[in-house]
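Following this line, the structures themselves.
Next come two complexes, and both contain chain A; in the first it sits with chain B, in the second with chain C.
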Partner chain A sequence: MDKLKIGIYWAAACGGCDCSLLEVNEQILDVAAGADILLWPCATDAKYDDLRGYSDRELDIVLFNGAIRTEENRDMAQLIRAKTKRLVAYGACAHTGGVIGLANLSTRAEIFTTVFGAEKEWPQALSNQAGHQLHLPAFLDHLTPLSDVVDVDYVIPGCPPPRKIVSEFFSALLAGDLPEPGAVFAAEKNLCDECEREREHTQITHILRVHEASPDPEKCLLDQGFLCMGPATRGGCGAVCPNANMPCTGCAGAPADVSDQGTAMLNTLASLVGTGAEGEDQIEGENAILEQIDDVIGTFYRYAAAKSLFGRRYREQHGQTN
Partner chain B sequence: MNEKSGFEPKIVAFLCKWTTYAAADLCGVSRMPYPPNISIIRVNCTGEITADMILSAFEDGVDGILIGGCRPGHCRYEDSNLKGSNRVYLLKRALKEFGLNPERIREVGIAGAQGLIFQRAVEKFTADIRALGPSPVTDHA
Partner chain C sequence: MSQGRIGVFICHCGMNIEEMVDTHRVAETLKNYPGVVHAEDYDYMCSEIGQQKIRDAIVEHKLDGVVVAACTPSMHQETFRNAAEEVGLNRYRLEVANIREQVSWVHTDREVATEKAIRLTRAAVEKVRMDDDLTPIAVEHATKCLVVGGGITGIQAAVNVANNGYDVILVEKNPSIGGHMAQLSVTFPTLDCAQCILTPRMVEASRHPRIKLLTYSEVIDVSGYIGNYTVKIRKKPTYVDPDKCNLCNKCAEVCPVSVSEEFNEGLSQRKAIYLPFAQAIPSSYVLDEDACLGVKPLRCGRCQEVCDVGAINYDMAPEIITEKVGAIILATGYDLYDPSNLTEYGGGKYPDVVTSLQFERMVHPSGPMKGDLRRPSDGRPVNRIAFVHCAGSRDPERHKPYCSRICCTYTAKQALLFKKSHSDGEASVFYIDIRTDGKGYEEFAQNIIASQRVRYIRGKVAKIVDEGDHLTVWGADTLSGERVEIDVDLVVLAMAVVPSKGTEEMAKTFHINVDENGFLKEAHPKLRPVETTTAGVFIAGMAQGPKDIPDSVAQGSAAAAKAIEILSQKELTHSPEVATVNEELCSGCGVCTRACPYDAIKVERSGIAVVNEILCSGCGACAAACPTGAIEVKNDRRVQYAAMLAAVLGRDE
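Presenting the complex of A and B:
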């Protein structure tokens, strides 16, 4: 059989997803034996022009990590989509916008002001530098997941995707045994379904952050007041974080039957808090517990703010999006 | 403010069938008019209203959401309305961070016999939303 032609690309990413590919250890040698890597900016020096030179759908599959933040990210997503038969959203940023999707809580102008200061200091897409014209990719108004700009065939979720899932994916790829497009390389159900901690469904009487107390290693973290995103997060990772005594932060996105991860968790948590009080006192007591959550969006939408039902910052006073 | 004066807000009211919906009904049969801006959705209990339902309503272009149910401690389904209130509390905090004024959601507890109070609550909420202007989400398809 001919060797597979594959590509790996990063858009608005941190580099963690590229590293995670190597976590499969010696299996990477099988990948190298079974596939030619035609594009991998992190590790090879193939140029964009090389990619442009391939015929349409010439590559078999491309793993795309990172979100769409700049014009370059978007244009490359479109070019790659044209050159590959199958496209994989690899990691939380490509899948749901990721941690950097939280930037959608600020407008482009706010971000530039924070980073570059006064408007005259902002980088321009087109400028003249020492007699040469410099073209920088424009910074888009909002960050989006990959699937907002091109069709995606598979999702490998996680931040970064866990070794077990990456390894299963490579095995399937090399065996010519990939599932039908649309598949997500993870469980259908939520993380609680595979987590072995004991769940008692007790009332949550206070919210704890991990630096404030050591969790009991046997009991459900949420029962103990640690905000574990397990109920609203897709399983499949093997519950690595709860097993390490850390609450799930939600990197795999929503389970198959849930449309919005943040609201799903918010609905769940709202029902779990309780003080034992009733009537008017009850509502005050429960709101006081919920008030202990410092960062509502950063907790419920840590990876999926850009994919949430809203997904971006609105501006009341102008009556329009910004 | 001028440009807002011609603005007629679209308001969705989720009303518990045991109390506030009955109050709305009473307004109807007693011919007590209230602003036509509200579309009423009858629910079994305000505890049924999820954060997704509220967000979807905003996505569909609603400018304000009124939630009317039993008073605390009087819900037919134990403390279900309070769990609903907890959701609204958290959602309002989330909406604020997304740049939406949390005042666009209001909760009221109005008993079935309080038609007049319902009428006033709708008038007040409509006026308040009119003053806020159109929802910034409206132009986001």
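Presenting the complex of A and C:
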């Protein structure tokens, strides 16, 4: 049997996804035995032109990690899409925009001002540096997940994808046993389904952050007031964070039938908070609890801001259009 | 799912809708909407002709879905669904678009309103398109009725239900039934002796083979739903066996404890062991354990020693009685507003400033003064008396905003009673205006005003001062514009009526609402006056709001009729528009169980949430709370809402 032709690519990413591939330990040797890696900028020396040289759909599958932040990210996504039969959104950034999707809360100008200072210092797409023309990929107005620029066949969620899921994916790939396109390599149900902590469904009377108290390792973190995103997060990782006594932060994205992870969690939380008071006191009491949440978007949309209903900031704070 | 044969009917509601919405344009626009095969507008869709139009169109155009754009679905959805069902359309494939309350009544621009009506109607078409055929859920039910409150209203309701052949549990928190009516001297406008007309009803209730009387009892827990409520009742021990007690009064004679007597509104003392009043039912002494020196451990024991018939048993324990009932009637009555809130009148402080109910006891032939009216402070006769209307009523800034309804007429009655026994006495009545709204009341009051030399002064009393041997009432006569200052021996405050103590907690127990003044809230102020928003729980009498005896009795009967409506059904049906759980997506996280206000969803041992369809009202709180989207309400699914939103917000093609 011919060896599979595979690629691994990173766009706007931290590099953690590339490392996560090695978490499968010796299984990586099976991958090497069963597949030729034609593209992997992190580990091999393939050039853009090598990729351009392949015929359309020549590669069997490409794992694409990172979000689309620059023109180069976008162009490479489109080029890879043309050269591969199957494209995988690998990791939270490719899947939902990831943590860096929170940059969509700022405009491009604000980001540049913060990073480079005055406008004259901002990098130009085309410039002359020491007699050479320098071409930098343009920084797009906002960040998007991979699926916003090209069709995606599979999703391997997570920040980074957990070893168990990556391993299952490689096994299926090498066995020629991949599911129908559209599949997400994770559970259909939420994280609570895999979490073994004891739930009492008590009212949440206060909100705690992890540095403020030490959670009881047996009891549901939400019941204790820690904002665990488990209810609104797809399972499949085996609830690794709650098992390590840390609340889930939601990296696997929304469960199968939910379109917006943050609003799902907000709806859930709104149903859980309460002081026991009724009437007007009830509203006041519940508002007081919800006001204890610092950084609402960073909490409920930590990985999915770029794929949320609001998507990004459209206007300057003072009403001036961007 | 509709196969795209939807009919749309736009109602003019006379001019109610037509004035602000071009209904013809709505119909013409909808005719071209995908899936709509028929659209028309008509004056009154709810009329028989209108309903016939729906039936005819269903048959003629083989409609598989209907939208009626009219008033709120809470008014006529059932009407239209019944009509559609008659010609074979599943009733849950008919939806109402509310273009009256949500459009014509709230807009002033006909163009904008018409556009909005079109969009709302389109949205209803989108919903109908994805509505499934549903079948109502059949439910068995209990045939007993619980009546809470043994005043005249509760007695009336209990006897009515029992006479129709259904068992009744009548619960009264006091040791005797009878309520406030038993305290009254005579009733207006006929001047019947209150007890003479009440006690036969009390006896009828207590002797009725279908009525189980539980006095000295309170409902402590209610669970279940219409037709199938489980109620827990706590019966306090009376420490006296009513079957043995022979009312000899020896126990009370030796009892060393005296406390204020409730039945006489604190104007006399009773012992810790006492007979609530002469005609009390059950006819038995009662040991008030709060007043008693102590039965556990026994501190005194004298009453038991003198009881010849061995009726007293210190080991009597509270009983918890559990009953299954199909319907519940709450008739928990009223109390008077606390007179000590009226500091400027010396309420609760000056002994000779009494409440209207105290005055009833003072003039009652078997009351604490044996009908010989005297000043509570020094026992001197009363020759000059002032009555003060609206003591706490109609005073939104400081007290109660509402009119207590009965005070004008009973004050006239009380002035009459005073003048009858004190023909030379001086009676003054301070009033804001005279509201005598019942049958014969106006004639009754005017006759007293005209013939009894009672001085009616239009104006509020500013202050009452206790001068020792008399009271000085300062007020104003707003007709003459003059200050009024009169010296009297006794002042009677026509106190505002308020819901009886504990009404709000009881409302919570029964999952019903109270209004802004704490009275039990009816489902609709005009059309559902004895129903509540909780199906199978009815309200009657003063607990619902101030009213006189005939209105209370009428409401008692009305509530009985509503209860019988349930009890007489062979089986009840429940709407099938309830929540369902997708087991593939449910993780059993249990968030829904917290969100559900009806206790209708539970996470089973299997780790999957399960809906009790009979408890479920289809409110959708669980569906909103569910973080995985595993819960949906039948015919209110997310895909339907997405399509409806698109129809409301989308651009015109």
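Methods note: the second predicted complex is superposed on the first by the 316 of 322 C-alpha atoms of A that agree within 3 Å, B and C clash if a C-alpha of one lies under 4 Å from a C-alpha of the other, contacts with A are read in each partner's own complex, and residues count from 1 in each chain.
Throughout what follows, contacts are C-beta pairs under 8 Å (C-beta built on N, C-alpha and C of every residue); 3 or more make two chains touch, one makes a residue touch a chain.
The structure displayed is predicted, hence computed values, not measured ones.
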item: Which of chain B and chain C A:Gly182 touches, first, second, both or neither; value: neither
item: Contacts of A:Glu286 with chain B and chain C, given as first, second, both or neither; value: first
item: First, second, both or neither for A:Asn267, with chain B first and chain C second; value: both
item: Which superposed partner A:Gly276 touches (first chain B, second chain C, both, neither); value: neither
item: Chain A: partner with more touched residues, chain B or chain C; value: B
item: Which superposed partner A:Gly131 touches (first chain B, second chain C, both, neither); value: neither
item: Partner chain(s) touched by A:Ala256 [first = chain B, second = chain C, both, neither]; value: second
item: Touching both chain B and chain C, residues of chain A; value: 264, 267, 270-271
item: Complex contact set, residues of chain A against chain C; value: 188-193, 199, 201, 203, 230-232, 235, 255-258, 264-265, 267-268, 270-272
item: In the complex, chain C residues that touch chain A; value: 582, 584-595, 607, 621, 624-630
item: Residue numbers on chain B that touch chain A, as the complex places them; value: 50-52, 55-56, 58-59, 72-73, 79, 82-87, 89-91, 93-95, 97-101, 132-134, 136-137, 139-140
item: Chain A residues within the chain B interface of the complex; value: 105, 259-260, 262-264, 266-267, 269-271, 273, 278-280, 282-283, 286-287, 290, 293, 296-297, 300-301, 308-310, 312-316, 318-321
